[in-house]
(Lines give C-alpha, C1' and ligand atoms only; values in the text may rest on other atoms or scores of the structure.)
Protein backbone atom coordinates (compact mmCIF):
# COMPACT_ATOMS: atom_id res chain seq x y z
CA UNK A 1 0.00 0.00 0.00
CA UNK A 2 3.00 2.32 -0.33
CA UNK A 3 3.58 2.85 3.40
CA UNK A 4 5.61 5.96 4.19
CA UNK A 5 8.07 6.56 6.95
CA UNK A 6 6.81 9.13 9.37
CA UNK A 7 8.41 11.57 11.76
CA UNK A 8 6.67 11.54 15.14
CA UNK A 9 5.48 14.95 16.37
CA UNK A 10 5.64 13.79 20.00
CA UNK A 11 9.02 12.34 21.02
CA UNK A 12 7.28 10.48 23.83
CA UNK A 13 5.05 8.63 21.34
CA UNK A 14 6.12 5.20 22.55
CA UNK A 15 5.32 5.95 26.17
CA UNK A 16 1.97 7.62 25.52
CA UNK A 17 0.75 4.82 23.26
CA UNK A 18 1.66 2.12 25.78
CA UNK A 19 0.07 4.09 28.61
CA UNK A 20 -3.18 4.54 26.70
CA UNK A 21 -3.17 0.91 25.55
CA UNK A 22 -2.85 -0.18 29.19
CA UNK A 23 -6.03 1.80 29.97
CA UNK A 24 -8.07 -0.18 27.41
CA UNK A 25 -9.73 -2.82 29.57
CA UNK A 26 -10.98 -4.45 26.35
CA UNK A 27 -7.37 -5.18 25.34
CA UNK A 28 -6.80 -7.02 28.65
CA UNK A 29 -10.03 -8.97 28.27
CA UNK A 30 -8.96 -10.10 24.79
CA UNK A 31 -5.42 -10.85 26.00
CA UNK A 32 -3.65 -8.39 23.70
CA UNK A 33 -0.05 -7.31 23.96
CA UNK A 34 2.02 -4.94 21.83
CA UNK A 35 4.57 -6.86 19.77
CA UNK A 36 6.21 -3.82 18.22
CA UNK A 37 5.62 -0.12 17.96
CA UNK A 38 7.13 2.57 15.80
CA UNK A 39 5.95 5.95 14.55
CA UNK A 40 2.88 5.23 12.44
CA UNK A 41 2.91 1.45 12.88
CA UNK A 42 1.95 -1.06 15.56
CA UNK A 43 1.72 -4.85 15.87
CA UNK A 44 -0.56 -6.45 18.44
CA UNK A 45 -0.75 -10.12 19.37
CA UNK A 46 -3.47 -12.13 21.12
CA UNK A 47 -4.07 -15.83 21.77
CA UNK A 48 -7.09 -17.88 20.77
CA UNK A 49 -9.73 -17.65 23.49
CA UNK A 50 -12.93 -19.68 23.37
CA UNK A 51 -14.73 -16.92 25.29
CA UNK A 52 -14.46 -14.69 22.20
CA UNK A 53 -15.83 -17.05 19.56
CA UNK A 54 -18.85 -17.00 17.29
CA UNK A 55 -21.14 -19.96 16.62
CA UNK A 56 -18.68 -21.99 14.53
CA UNK A 57 -15.87 -21.70 17.07
CA UNK A 58 -13.88 -19.02 15.19
CA UNK A 59 -12.88 -15.74 16.82
CA UNK A 60 -15.79 -13.35 16.37
CA UNK A 61 -15.35 -10.81 13.56
CA UNK A 62 -16.15 -8.06 16.05
CA UNK A 63 -13.29 -9.12 18.29
CA UNK A 64 -10.92 -8.94 15.34
CA UNK A 65 -12.39 -5.50 14.70
CA UNK A 66 -11.77 -4.49 18.30
CA UNK A 67 -8.08 -5.26 18.01
CA UNK A 68 -7.76 -3.75 14.52
CA UNK A 69 -9.55 -0.59 15.68
CA UNK A 70 -7.19 -0.24 18.63
CA UNK A 71 -4.24 -0.90 16.35
CA UNK A 72 -5.42 1.75 13.87
CA UNK A 73 -6.05 4.18 16.71
CA UNK A 74 -2.57 3.72 18.17
CA UNK A 75 -0.82 3.83 14.80
CA UNK A 76 -2.51 7.22 14.34
CA UNK A 77 -1.99 8.33 17.94
CA UNK A 78 1.75 7.65 17.66
CA UNK A 79 1.96 10.45 15.08
CA UNK A 80 -0.24 12.98 16.85
CA UNK A 81 1.09 15.95 18.83
CA UNK A 82 1.35 15.63 22.61
CA UNK A 83 -1.88 17.47 23.36
CA UNK A 84 -4.09 15.40 21.04
CA UNK A 85 -6.41 12.57 21.97
CA UNK A 86 -7.55 10.03 19.36
CA UNK A 87 -11.07 8.93 18.46
CA UNK A 88 -12.29 6.46 15.84
CA UNK A 89 -14.73 8.03 13.42
CA UNK A 90 -15.47 4.96 11.35
CA UNK A 91 -14.00 1.72 10.07
CA UNK A 92 -14.68 -0.90 7.44
CA UNK A 93 -13.80 -4.55 7.86
CA UNK A 94 -13.60 -7.37 5.33
CA UNK A 95 -13.59 -10.93 6.63
CA UNK A 96 -11.32 -12.89 4.35
CA UNK A 97 -11.03 -16.29 5.98
CA UNK A 98 -12.30 -18.01 9.17
CA UNK A 99 -10.42 -16.76 12.23
CA UNK A 100 -9.14 -20.05 13.54
CA UNK A 101 -5.66 -20.44 14.94
CA UNK A 102 -3.52 -20.68 18.03
CA UNK A 103 -3.00 -16.94 18.05
CA UNK A 104 -3.51 -13.82 15.98
CA UNK A 105 -1.32 -10.98 14.86
CA UNK A 106 -2.69 -7.55 13.95
CA UNK A 107 -0.61 -5.02 12.04
CA UNK A 108 -1.74 -1.43 11.51
CA UNK A 109 -0.13 1.34 9.47
CA UNK A 110 -0.96 4.96 8.91
CA UNK A 111 -1.62 5.46 5.22
CA UNK A 112 -2.59 9.15 5.27
CA UNK A 113 -1.64 11.53 8.05
CA UNK A 114 -3.55 14.77 8.49
CA UNK A 115 -3.85 17.47 11.11
CA UNK A 116 -7.36 16.34 12.03
CA UNK A 117 -8.03 13.14 10.06
CA UNK A 118 -5.68 10.18 9.82
CA UNK A 119 -6.48 7.09 7.75
CA UNK A 120 -5.05 3.71 8.75
CA UNK A 121 -5.07 0.20 7.36
CA UNK A 122 -4.90 -2.92 9.51
CA UNK A 123 -4.67 -6.62 8.82
CA UNK A 124 -5.23 -9.66 11.02
CA UNK A 125 -3.25 -12.85 10.49
CA UNK A 126 -4.02 -16.19 12.11
CA UNK A 127 -1.02 -18.10 13.40
CA UNK A 128 -1.07 -21.91 13.25
CA UNK A 129 2.34 -23.25 14.20
CA UNK A 130 4.66 -21.69 11.65
CA UNK A 131 1.87 -20.78 9.20
CA UNK A 132 0.30 -17.35 8.97
CA UNK A 133 -2.83 -16.51 7.00
CA UNK A 134 -4.55 -13.18 6.49
CA UNK A 135 -8.07 -13.46 7.92
CA UNK A 136 -9.38 -9.88 7.96
CA UNK A 137 -8.52 -6.32 7.08
CA UNK A 138 -9.70 -2.87 8.11
CA UNK A 139 -9.59 0.65 6.78
CA UNK A 140 -10.18 3.06 9.64
CA UNK A 141 -10.53 6.82 9.93
CA UNK A 142 -9.13 8.32 13.10
CA UNK A 143 -9.53 11.86 14.40
CA UNK A 144 -7.28 14.00 16.56
CA UNK A 145 -9.31 15.83 19.19
CA UNK A 146 -8.13 18.63 21.45
CA UNK A 147 -9.60 19.92 24.70
CA UNK A 148 -12.73 17.82 24.51
CA UNK A 149 -14.48 17.12 27.81
CA UNK A 150 -14.14 13.54 29.01
CA UNK A 151 -11.58 12.71 26.28
CA UNK A 152 -8.10 12.73 27.73
CA UNK A 153 -4.99 12.49 25.66
CA UNK B 1 -34.77 3.14 5.73
CA UNK B 2 -37.96 1.74 4.24
CA UNK B 3 -37.89 -1.56 6.15
CA UNK B 4 -39.98 -4.28 4.56
CA UNK B 5 -41.92 -7.06 6.18
CA UNK B 6 -40.45 -10.43 5.33
CA UNK B 7 -41.80 -13.93 5.12
CA UNK B 8 -39.45 -16.42 6.81
CA UNK B 9 -38.38 -19.35 4.63
CA UNK B 10 -37.73 -21.50 7.70
CA UNK B 11 -40.69 -21.73 10.06
CA UNK B 12 -38.30 -22.64 12.87
CA UNK B 13 -36.41 -19.34 12.43
CA UNK B 14 -36.91 -18.29 16.04
CA UNK B 15 -35.52 -21.54 17.44
CA UNK B 16 -32.54 -21.74 15.11
CA UNK B 17 -31.49 -18.14 15.74
CA UNK B 18 -31.65 -18.54 19.53
CA UNK B 19 -29.75 -21.84 19.35
CA UNK B 20 -26.97 -20.31 17.25
CA UNK B 21 -26.86 -17.18 19.42
CA UNK B 22 -26.37 -19.41 22.48
CA UNK B 23 -23.30 -20.92 20.78
CA UNK B 24 -21.61 -17.53 20.45
CA UNK B 25 -19.34 -17.45 23.47
CA UNK B 26 -18.56 -13.82 22.62
CA UNK B 27 -22.21 -12.91 23.30
CA UNK B 28 -21.97 -14.43 26.79
CA UNK B 29 -18.69 -12.65 27.48
CA UNK B 30 -20.30 -9.32 26.54
CA UNK B 31 -23.46 -10.14 28.50
CA UNK B 32 -25.85 -10.01 25.55
CA UNK B 33 -29.42 -11.22 25.54
CA UNK B 34 -32.06 -11.18 22.82
CA UNK B 35 -34.78 -8.64 23.60
CA UNK B 36 -36.96 -9.42 20.61
CA UNK B 37 -36.78 -11.41 17.42
CA UNK B 38 -38.92 -11.48 14.33
CA UNK B 39 -38.33 -12.47 10.70
CA UNK B 40 -35.64 -10.06 9.46
CA UNK B 41 -35.24 -8.11 12.71
CA UNK B 42 -33.57 -8.60 16.07
CA UNK B 43 -32.93 -6.52 19.19
CA UNK B 44 -30.06 -7.35 21.53
CA UNK B 45 -29.34 -5.81 24.93
CA UNK B 46 -26.16 -5.70 27.01
CA UNK B 47 -25.11 -3.91 30.19
CA UNK B 48 -22.16 -1.59 30.65
CA UNK B 49 -19.09 -3.62 31.56
CA UNK B 50 -15.79 -1.97 32.49
CA UNK B 51 -13.93 -5.01 31.10
CA UNK B 52 -15.00 -3.95 27.59
CA UNK B 53 -13.94 -0.31 27.63
CA UNK B 54 -11.41 1.73 25.69
CA UNK B 55 -9.02 4.26 27.19
CA UNK B 56 -11.64 6.92 28.01
CA UNK B 57 -13.93 4.48 29.82
CA UNK B 58 -16.47 4.14 26.98
CA UNK B 59 -17.45 0.75 25.54
CA UNK B 60 -14.89 -0.07 22.84
CA UNK B 61 -16.11 0.55 19.28
CA UNK B 62 -15.11 -3.02 18.42
CA UNK B 63 -17.38 -4.40 21.13
CA UNK B 64 -20.28 -2.42 19.71
CA UNK B 65 -19.29 -3.87 16.34
CA UNK B 66 -19.30 -7.37 17.77
CA UNK B 67 -22.90 -7.02 18.92
CA UNK B 68 -24.01 -5.22 15.74
CA UNK B 69 -22.35 -7.90 13.59
CA UNK B 70 -24.13 -10.67 15.49
CA UNK B 71 -27.38 -8.75 15.23
CA UNK B 72 -26.95 -8.30 11.47
CA UNK B 73 -26.04 -11.95 11.12
CA UNK B 74 -29.11 -13.15 12.99
CA UNK B 75 -31.47 -10.73 11.26
CA UNK B 76 -30.22 -12.26 7.99
CA UNK B 77 -30.15 -15.85 9.33
CA UNK B 78 -33.79 -15.56 10.41
CA UNK B 79 -34.76 -15.26 6.73
CA UNK B 80 -32.51 -17.98 5.36
CA UNK B 81 -33.70 -21.48 4.45
CA UNK B 82 -33.21 -24.28 6.98
CA UNK B 83 -30.08 -25.68 5.35
CA UNK B 84 -28.17 -22.38 5.19
CA UNK B 85 -25.47 -21.16 7.53
CA UNK B 86 -24.61 -17.47 7.78
CA UNK B 87 -21.23 -15.75 7.45
CA UNK B 88 -20.30 -12.07 7.61
CA UNK B 89 -18.51 -10.89 4.50
CA UNK B 90 -17.89 -7.31 5.56
CA UNK B 91 -19.27 -4.47 7.62
CA UNK B 92 -18.84 -0.74 8.02
CA UNK B 93 -19.31 1.07 11.30
CA UNK B 94 -19.71 4.76 12.08
CA UNK B 95 -19.14 5.89 15.63
CA UNK B 96 -21.61 8.67 16.28
CA UNK B 97 -21.27 9.44 19.97
CA UNK B 98 -19.26 8.10 22.94
CA UNK B 99 -20.65 4.75 24.11
CA UNK B 100 -21.33 5.61 27.73
CA UNK B 101 -24.43 4.43 29.51
CA UNK B 102 -25.91 1.94 31.92
CA UNK B 103 -26.76 -0.41 29.09
CA UNK B 104 -26.93 -0.63 25.31
CA UNK B 105 -29.58 -1.69 22.84
CA UNK B 106 -28.72 -2.94 19.36
CA UNK B 107 -31.36 -3.18 16.63
CA UNK B 108 -30.69 -4.84 13.28
CA UNK B 109 -32.90 -5.07 10.22
CA UNK B 110 -32.56 -6.77 6.87
CA UNK B 111 -32.65 -4.10 4.18
CA UNK B 112 -32.02 -6.31 1.13
CA UNK B 113 -32.67 -10.04 1.06
CA UNK B 114 -31.03 -12.18 -1.60
CA UNK B 115 -30.49 -15.86 -2.23
CA UNK B 116 -26.77 -15.57 -1.46
CA UNK B 117 -26.20 -12.00 -0.23
CA UNK B 118 -28.24 -10.22 2.40
CA UNK B 119 -27.58 -6.64 3.46
CA UNK B 120 -28.45 -5.49 6.98
CA UNK B 121 -28.37 -2.25 8.93
CA UNK B 122 -27.85 -2.06 12.68
CA UNK B 123 -27.85 0.72 15.23
CA UNK B 124 -26.60 0.88 18.81
CA UNK B 125 -28.33 3.07 21.38
CA UNK B 126 -26.96 3.91 24.81
CA UNK B 127 -29.47 3.76 27.66
CA UNK B 128 -29.09 6.20 30.54
CA UNK B 129 -32.12 5.96 32.81
CA UNK B 130 -35.03 6.78 30.51
CA UNK B 131 -32.85 8.41 27.84
CA UNK B 132 -31.66 6.66 24.71
CA UNK B 133 -29.07 8.00 22.30
CA UNK B 134 -27.78 6.55 19.04
CA UNK B 135 -24.06 5.93 19.45
CA UNK B 136 -23.11 3.82 16.40
CA UNK B 137 -24.43 2.25 13.24
CA UNK B 138 -23.41 -0.55 10.91
CA UNK B 139 -24.11 -1.64 7.38
CA UNK B 140 -23.22 -5.32 7.04
CA UNK B 141 -23.17 -7.81 4.20
CA UNK B 142 -24.09 -11.35 5.13
CA UNK B 143 -23.79 -14.50 3.05
CA UNK B 144 -25.78 -17.71 3.06
CA UNK B 145 -23.46 -20.71 2.78
CA UNK B 146 -24.45 -24.29 2.12
CA UNK B 147 -22.50 -27.51 2.72
CA UNK B 148 -19.27 -25.78 3.69
CA UNK B 149 -16.90 -27.78 5.83
CA UNK B 150 -16.68 -26.59 9.42
CA UNK B 151 -19.61 -24.16 8.97
CA UNK B 152 -22.75 -25.63 10.47
CA UNK B 153 -26.15 -24.13 9.97
CA UNK C 1 -33.04 5.64 10.75
CA UNK C 2 -34.54 8.08 13.29
CA UNK C 3 -34.00 11.22 11.26
CA UNK C 4 -33.98 14.41 13.33
CA UNK C 5 -35.14 17.86 12.41
CA UNK C 6 -32.28 20.27 12.26
CA UNK C 7 -31.91 24.00 12.68
CA UNK C 8 -29.71 25.50 9.96
CA UNK C 9 -26.79 27.59 11.25
CA UNK C 10 -26.68 29.57 8.01
CA UNK C 11 -30.00 31.16 7.07
CA UNK C 12 -28.82 31.29 3.45
CA UNK C 13 -28.40 27.50 3.38
CA UNK C 14 -30.70 27.06 0.38
CA UNK C 15 -28.84 29.60 -1.74
CA UNK C 16 -25.35 28.40 -0.87
CA UNK C 17 -26.18 24.75 -1.57
CA UNK C 18 -27.70 25.53 -4.96
CA UNK C 19 -24.77 27.76 -5.86
CA UNK C 20 -22.23 25.09 -4.98
CA UNK C 21 -24.26 22.39 -6.74
CA UNK C 22 -24.23 24.51 -9.89
CA UNK C 23 -20.42 24.54 -9.74
CA UNK C 24 -20.22 20.73 -9.84
CA UNK C 25 -19.62 20.03 -13.50
CA UNK C 26 -20.07 16.31 -12.74
CA UNK C 27 -23.70 16.99 -11.76
CA UNK C 28 -24.32 18.60 -15.16
CA UNK C 29 -22.62 15.75 -16.97
CA UNK C 30 -24.87 13.25 -15.17
CA UNK C 31 -27.95 15.40 -15.72
CA UNK C 32 -28.77 15.96 -12.06
CA UNK C 33 -31.23 18.46 -10.69
CA UNK C 34 -32.29 19.24 -7.12
CA UNK C 35 -35.84 18.04 -6.49
CA UNK C 36 -36.10 19.34 -2.95
CA UNK C 37 -33.86 20.82 -0.32
CA UNK C 38 -34.32 21.46 3.37
CA UNK C 39 -31.95 21.79 6.31
CA UNK C 40 -30.17 18.44 6.56
CA UNK C 41 -31.94 16.78 3.63
CA UNK C 42 -31.75 16.86 -0.15
CA UNK C 43 -33.32 14.99 -3.05
CA UNK C 44 -31.60 14.82 -6.43
CA UNK C 45 -33.02 13.44 -9.68
CA UNK C 46 -31.31 12.28 -12.87
CA UNK C 47 -32.45 10.49 -16.02
CA UNK C 48 -31.12 7.25 -17.45
CA UNK C 49 -28.18 7.98 -19.73
CA UNK C 50 -26.48 5.27 -21.77
CA UNK C 51 -23.18 7.18 -21.55
CA UNK C 52 -23.04 6.33 -17.83
CA UNK C 53 -23.61 2.59 -17.97
CA UNK C 54 -21.53 -0.44 -17.07
CA UNK C 55 -21.17 -3.56 -19.18
CA UNK C 56 -24.71 -4.91 -18.62
CA UNK C 57 -26.38 -1.61 -19.53
CA UNK C 58 -27.17 -0.54 -15.95
CA UNK C 59 -26.07 2.81 -14.55
CA UNK C 60 -22.54 2.33 -13.23
CA UNK C 61 -22.31 1.92 -9.43
CA UNK C 62 -19.75 4.70 -9.37
CA UNK C 63 -22.17 7.11 -11.03
CA UNK C 64 -24.76 6.31 -8.36
CA UNK C 65 -21.97 6.95 -5.85
CA UNK C 66 -21.21 10.29 -7.46
CA UNK C 67 -24.76 11.48 -6.98
CA UNK C 68 -25.08 10.00 -3.48
CA UNK C 69 -21.78 11.60 -2.46
CA UNK C 70 -22.94 15.00 -3.71
CA UNK C 71 -26.27 14.49 -1.96
CA UNK C 72 -24.53 13.57 1.33
CA UNK C 73 -22.20 16.52 0.95
CA UNK C 74 -25.03 18.99 0.39
CA UNK C 75 -27.21 17.56 3.16
CA UNK C 76 -24.23 18.19 5.47
CA UNK C 77 -23.34 21.54 3.90
CA UNK C 78 -26.89 22.82 4.44
CA UNK C 79 -26.29 22.60 8.21
CA UNK C 80 -22.80 24.08 8.29
CA UNK C 81 -22.04 27.67 9.28
CA UNK C 82 -21.59 30.27 6.55
CA UNK C 83 -17.78 30.18 6.62
CA UNK C 84 -17.45 26.40 6.26
CA UNK C 85 -16.65 24.42 3.13
CA UNK C 86 -17.50 20.73 2.89
CA UNK C 87 -15.26 17.80 1.95
CA UNK C 88 -16.01 14.08 1.74
CA UNK C 89 -13.71 12.03 3.95
CA UNK C 90 -15.03 8.61 3.04
CA UNK C 91 -18.13 6.71 1.99
CA UNK C 92 -19.41 3.18 1.79
CA UNK C 93 -21.85 1.99 -0.84
CA UNK C 94 -23.95 -1.15 -1.03
CA UNK C 95 -25.38 -2.11 -4.41
CA UNK C 96 -28.78 -3.63 -3.72
CA UNK C 97 -30.30 -4.15 -7.15
CA UNK C 98 -29.36 -3.44 -10.78
CA UNK C 99 -29.68 0.27 -11.57
CA UNK C 100 -32.05 0.07 -14.50
CA UNK C 101 -34.87 2.55 -14.94
CA UNK C 102 -36.12 5.61 -16.75
CA UNK C 103 -34.73 7.85 -14.04
CA UNK C 104 -33.24 7.79 -10.56
CA UNK C 105 -33.97 9.58 -7.32
CA UNK C 106 -31.34 10.06 -4.63
CA UNK C 107 -32.29 11.08 -1.10
CA UNK C 108 -29.71 12.03 1.53
CA UNK C 109 -30.18 12.86 5.21
CA UNK C 110 -27.85 13.97 7.94
CA UNK C 111 -27.86 11.34 10.65
CA UNK C 112 -25.25 12.85 12.96
CA UNK C 113 -24.27 16.50 12.95
CA UNK C 114 -20.99 17.58 14.51
CA UNK C 115 -18.85 20.69 14.54
CA UNK C 116 -16.23 19.03 12.32
CA UNK C 117 -17.65 15.64 11.29
CA UNK C 118 -21.12 15.05 9.90
CA UNK C 119 -22.41 11.60 8.98
CA UNK C 120 -25.03 11.22 6.26
CA UNK C 121 -27.04 8.38 4.76
CA UNK C 122 -28.22 8.33 1.14
CA UNK C 123 -30.35 6.01 -0.91
CA UNK C 124 -30.86 5.69 -4.66
CA UNK C 125 -34.20 4.61 -6.08
CA UNK C 126 -34.82 3.58 -9.67
CA UNK C 127 -37.99 4.95 -11.24
CA UNK C 128 -39.84 2.83 -13.79
CA UNK C 129 -43.17 4.44 -14.64
CA UNK C 130 -44.93 4.62 -11.27
CA UNK C 131 -42.69 2.03 -9.60
CA UNK C 132 -39.73 2.90 -7.41
CA UNK C 133 -37.12 0.45 -6.16
CA UNK C 134 -34.17 1.00 -3.88
CA UNK C 135 -31.02 0.13 -5.83
CA UNK C 136 -28.15 1.40 -3.65
CA UNK C 137 -27.32 3.09 -0.38
CA UNK C 138 -24.43 5.05 1.06
CA UNK C 139 -23.12 6.02 4.45
CA UNK C 140 -20.82 9.00 4.07
CA UNK C 141 -18.63 11.01 6.41
CA UNK C 142 -18.38 14.70 5.62
CA UNK C 143 -16.04 17.27 7.11
CA UNK C 144 -16.42 21.00 7.64
CA UNK C 145 -13.23 22.80 6.67
CA UNK C 146 -12.38 26.42 7.34
CA UNK C 147 -9.78 28.65 5.72
CA UNK C 148 -8.18 25.90 3.68
CA UNK C 149 -6.31 26.98 0.59
CA UNK C 150 -8.06 26.09 -2.65
CA UNK C 151 -11.23 24.99 -0.84
CA UNK C 152 -13.86 27.70 -1.05
CA UNK C 153 -17.06 27.60 0.90
CA UNK D 1 -0.92 -5.62 1.37
CA UNK D 2 0.77 -8.95 0.67
CA UNK D 3 -0.43 -9.32 -2.91
CA UNK D 4 -0.35 -12.90 -4.20
CA UNK D 5 0.31 -14.18 -7.65
CA UNK D 6 -2.74 -15.82 -9.12
CA UNK D 7 -3.37 -18.48 -11.72
CA UNK D 8 -6.19 -17.46 -14.08
CA UNK D 9 -9.00 -20.01 -14.42
CA UNK D 10 -9.91 -18.66 -17.85
CA UNK D 11 -7.00 -18.59 -20.30
CA UNK D 12 -8.84 -15.94 -22.28
CA UNK D 13 -8.91 -13.61 -19.28
CA UNK D 14 -7.20 -10.78 -21.13
CA UNK D 15 -9.64 -10.82 -24.01
CA UNK D 16 -12.76 -11.10 -21.91
CA UNK D 17 -11.75 -8.26 -19.61
CA UNK D 18 -10.97 -5.92 -22.52
CA UNK D 19 -14.22 -6.85 -24.24
CA UNK D 20 -16.29 -6.15 -21.14
CA UNK D 21 -14.37 -2.93 -20.42
CA UNK D 22 -15.19 -1.75 -23.94
CA UNK D 23 -18.89 -2.24 -23.16
CA UNK D 24 -18.75 0.14 -20.20
CA UNK D 25 -19.96 3.40 -21.69
CA UNK D 26 -19.03 5.10 -18.40
CA UNK D 27 -15.37 4.27 -19.05
CA UNK D 28 -15.55 6.01 -22.42
CA UNK D 29 -17.28 9.03 -20.92
CA UNK D 30 -14.53 9.35 -18.32
CA UNK D 31 -11.82 8.75 -20.94
CA UNK D 32 -10.39 5.60 -19.37
CA UNK D 33 -7.95 3.22 -20.99
CA UNK D 34 -6.31 0.05 -19.71
CA UNK D 35 -2.60 0.61 -19.07
CA UNK D 36 -1.79 -2.93 -18.05
CA UNK D 37 -3.62 -6.13 -17.24
CA UNK D 38 -2.53 -9.37 -15.67
CA UNK D 39 -4.32 -12.10 -13.75
CA UNK D 40 -5.69 -10.41 -10.63
CA UNK D 41 -4.37 -6.93 -11.39
CA UNK D 42 -5.28 -4.02 -13.64
CA UNK D 43 -4.12 -0.45 -14.16
CA UNK D 44 -6.42 2.15 -15.69
CA UNK D 45 -5.53 5.66 -16.78
CA UNK D 46 -7.69 8.71 -17.42
CA UNK D 47 -7.01 12.40 -18.08
CA UNK D 48 -8.27 15.36 -16.14
CA UNK D 49 -11.66 16.43 -17.49
CA UNK D 50 -13.44 19.55 -16.24
CA UNK D 51 -16.80 17.90 -16.99
CA UNK D 52 -16.17 15.48 -14.12
CA UNK D 53 -15.30 17.93 -11.36
CA UNK D 54 -16.86 18.90 -8.06
CA UNK D 55 -17.32 22.43 -6.76
CA UNK D 56 -13.62 23.12 -6.06
CA UNK D 57 -12.48 21.99 -9.50
CA UNK D 58 -11.13 18.59 -8.39
CA UNK D 59 -12.25 15.34 -9.99
CA UNK D 60 -15.41 14.25 -8.16
CA UNK D 61 -14.89 11.51 -5.57
CA UNK D 62 -17.64 9.52 -7.24
CA UNK D 63 -15.80 9.58 -10.56
CA UNK D 64 -12.69 8.22 -8.85
CA UNK D 65 -15.00 5.59 -7.35
CA UNK D 66 -16.37 4.75 -10.78
CA UNK D 67 -12.91 3.97 -12.12
CA UNK D 68 -11.79 2.16 -8.95
CA UNK D 69 -14.97 0.07 -8.97
CA UNK D 70 -14.40 -0.92 -12.60
CA UNK D 71 -10.77 -1.67 -11.80
CA UNK D 72 -11.75 -3.85 -8.83
CA UNK D 73 -14.38 -5.58 -10.92
CA UNK D 74 -11.95 -6.38 -13.73
CA UNK D 75 -9.17 -7.48 -11.38
CA UNK D 76 -11.69 -9.96 -9.95
CA UNK D 77 -13.19 -10.86 -13.35
CA UNK D 78 -9.73 -11.74 -14.70
CA UNK D 79 -9.59 -14.61 -12.20
CA UNK D 80 -13.12 -15.91 -12.67
CA UNK D 81 -14.02 -18.95 -14.74
CA UNK D 82 -15.23 -18.44 -18.31
CA UNK D 83 -18.93 -18.79 -17.47
CA UNK D 84 -18.97 -16.24 -14.64
CA UNK D 85 -20.14 -12.64 -14.78
CA UNK D 86 -19.00 -10.11 -12.19
CA UNK D 87 -21.09 -7.80 -10.02
CA UNK D 88 -20.06 -5.30 -7.36
CA UNK D 89 -21.68 -5.98 -4.02
CA UNK D 90 -20.24 -3.06 -2.11
CA UNK D 91 -17.25 -0.79 -1.84
CA UNK D 92 -15.69 1.65 0.59
CA UNK D 93 -13.71 4.67 -0.48
CA UNK D 94 -11.40 6.94 1.48
CA UNK D 95 -10.53 10.32 -0.03
CA UNK D 96 -6.95 11.02 0.93
CA UNK D 97 -6.06 14.17 -0.96
CA UNK D 98 -7.75 16.51 -3.47
CA UNK D 99 -7.93 14.88 -6.92
CA UNK D 100 -6.13 17.53 -8.93
CA UNK D 101 -3.71 16.62 -11.66
CA UNK D 102 -3.11 16.29 -15.37
CA UNK D 103 -4.16 12.67 -15.27
CA UNK D 104 -4.96 9.84 -12.91
CA UNK D 105 -3.80 6.26 -12.54
CA UNK D 106 -5.90 3.60 -10.85
CA UNK D 107 -4.40 0.30 -9.75
CA UNK D 108 -6.51 -2.59 -8.47
CA UNK D 109 -5.42 -5.93 -7.04
CA UNK D 110 -7.30 -8.99 -5.89
CA UNK D 111 -6.52 -9.50 -2.22
CA UNK D 112 -8.78 -12.50 -1.54
CA UNK D 113 -10.08 -14.81 -4.24
CA UNK D 114 -13.10 -16.99 -3.55
CA UNK D 115 -15.49 -19.10 -5.56
CA UNK D 116 -18.30 -16.60 -5.07
CA UNK D 117 -16.79 -13.59 -3.28
CA UNK D 118 -13.59 -11.81 -4.30
CA UNK D 119 -12.19 -8.87 -2.37
CA UNK D 120 -10.11 -6.24 -4.15
CA UNK D 121 -8.17 -3.13 -3.20
CA UNK D 122 -7.70 -0.16 -5.50
CA UNK D 123 -5.79 3.07 -5.29
CA UNK D 124 -5.96 6.26 -7.33
CA UNK D 125 -2.86 8.36 -7.95
CA UNK D 126 -2.85 11.86 -9.39
CA UNK D 127 -0.17 12.54 -11.97
CA UNK D 128 1.35 16.02 -12.16
CA UNK D 129 4.28 16.01 -14.54
CA UNK D 130 6.64 13.43 -13.03
CA UNK D 131 5.00 13.48 -9.60
CA UNK D 132 2.44 10.95 -8.45
CA UNK D 133 0.35 11.24 -5.29
CA UNK D 134 -2.15 8.82 -3.81
CA UNK D 135 -5.53 10.58 -3.69
CA UNK D 136 -8.03 7.84 -2.86
CA UNK D 137 -8.35 4.17 -2.11
CA UNK D 138 -11.11 1.55 -2.25
CA UNK D 139 -11.82 -1.82 -0.77
CA UNK D 140 -14.43 -3.56 -2.91
CA UNK D 141 -16.33 -6.83 -2.70
CA UNK D 142 -17.05 -8.49 -6.03
CA UNK D 143 -19.31 -11.45 -6.72
CA UNK D 144 -19.19 -14.12 -9.41
CA UNK D 145 -22.66 -14.73 -10.78
CA UNK D 146 -23.73 -17.58 -13.06
CA UNK D 147 -26.79 -17.90 -15.27
CA UNK D 148 -28.46 -14.74 -14.00
CA UNK D 149 -30.98 -13.14 -16.31
CA UNK D 150 -29.78 -9.91 -17.88
CA UNK D 151 -26.23 -10.37 -16.54
CA UNK D 152 -23.98 -11.65 -19.28
CA UNK D 153 -20.45 -12.83 -18.67
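The letters A, B, C and D name the chains in turn, as written, and every chain counts its residues from 1.
By definition in this document, a contact is a pair of C-beta atoms (placed from the backbone, for glycine too) under 8 Å apart; a residue touches a chain by one contact, two chains touch by 3 or more.
Here the structure is a predicted model, which means the values were calculated and not measured.
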Starting from the Cα centroid of chain B, hunt down the chain whose centroid lies farthest away.
-> D
Would you say A-D or B-D is joined by more C-beta pairs in contact?
-> A-D
Per the C-alpha means, the centres of chain C and chain D lie apart by a whole-Å value of 23
Measure off the straight-line distance from the CA centroid of chain A to the CA centroid of chain D, and report it in whole Å.
-> 28
CA centroids of chain B and chain D: separation to the nearest Å works out as 32
Could you tell me which residues belong to chain A and also touch two or more other chains?
-> 89-90, 92, 94, 119, 141
Residues of chain B that touch chain D when the two form their complex = 89-90, 92, 116-117, 119, 139, 141, 143
Write out the stretch or stretches of chain B touching chain C in their complex.
-> 1-2, 92, 94, 96-97, 111-112, 119, 121, 123, 134, 137, 139, 141
Chain D contacts chain C in the complex at 20-21, 23-26, 28-29, 50-56, 60-63, 65-70, 85, 87-95, 98, 150-152
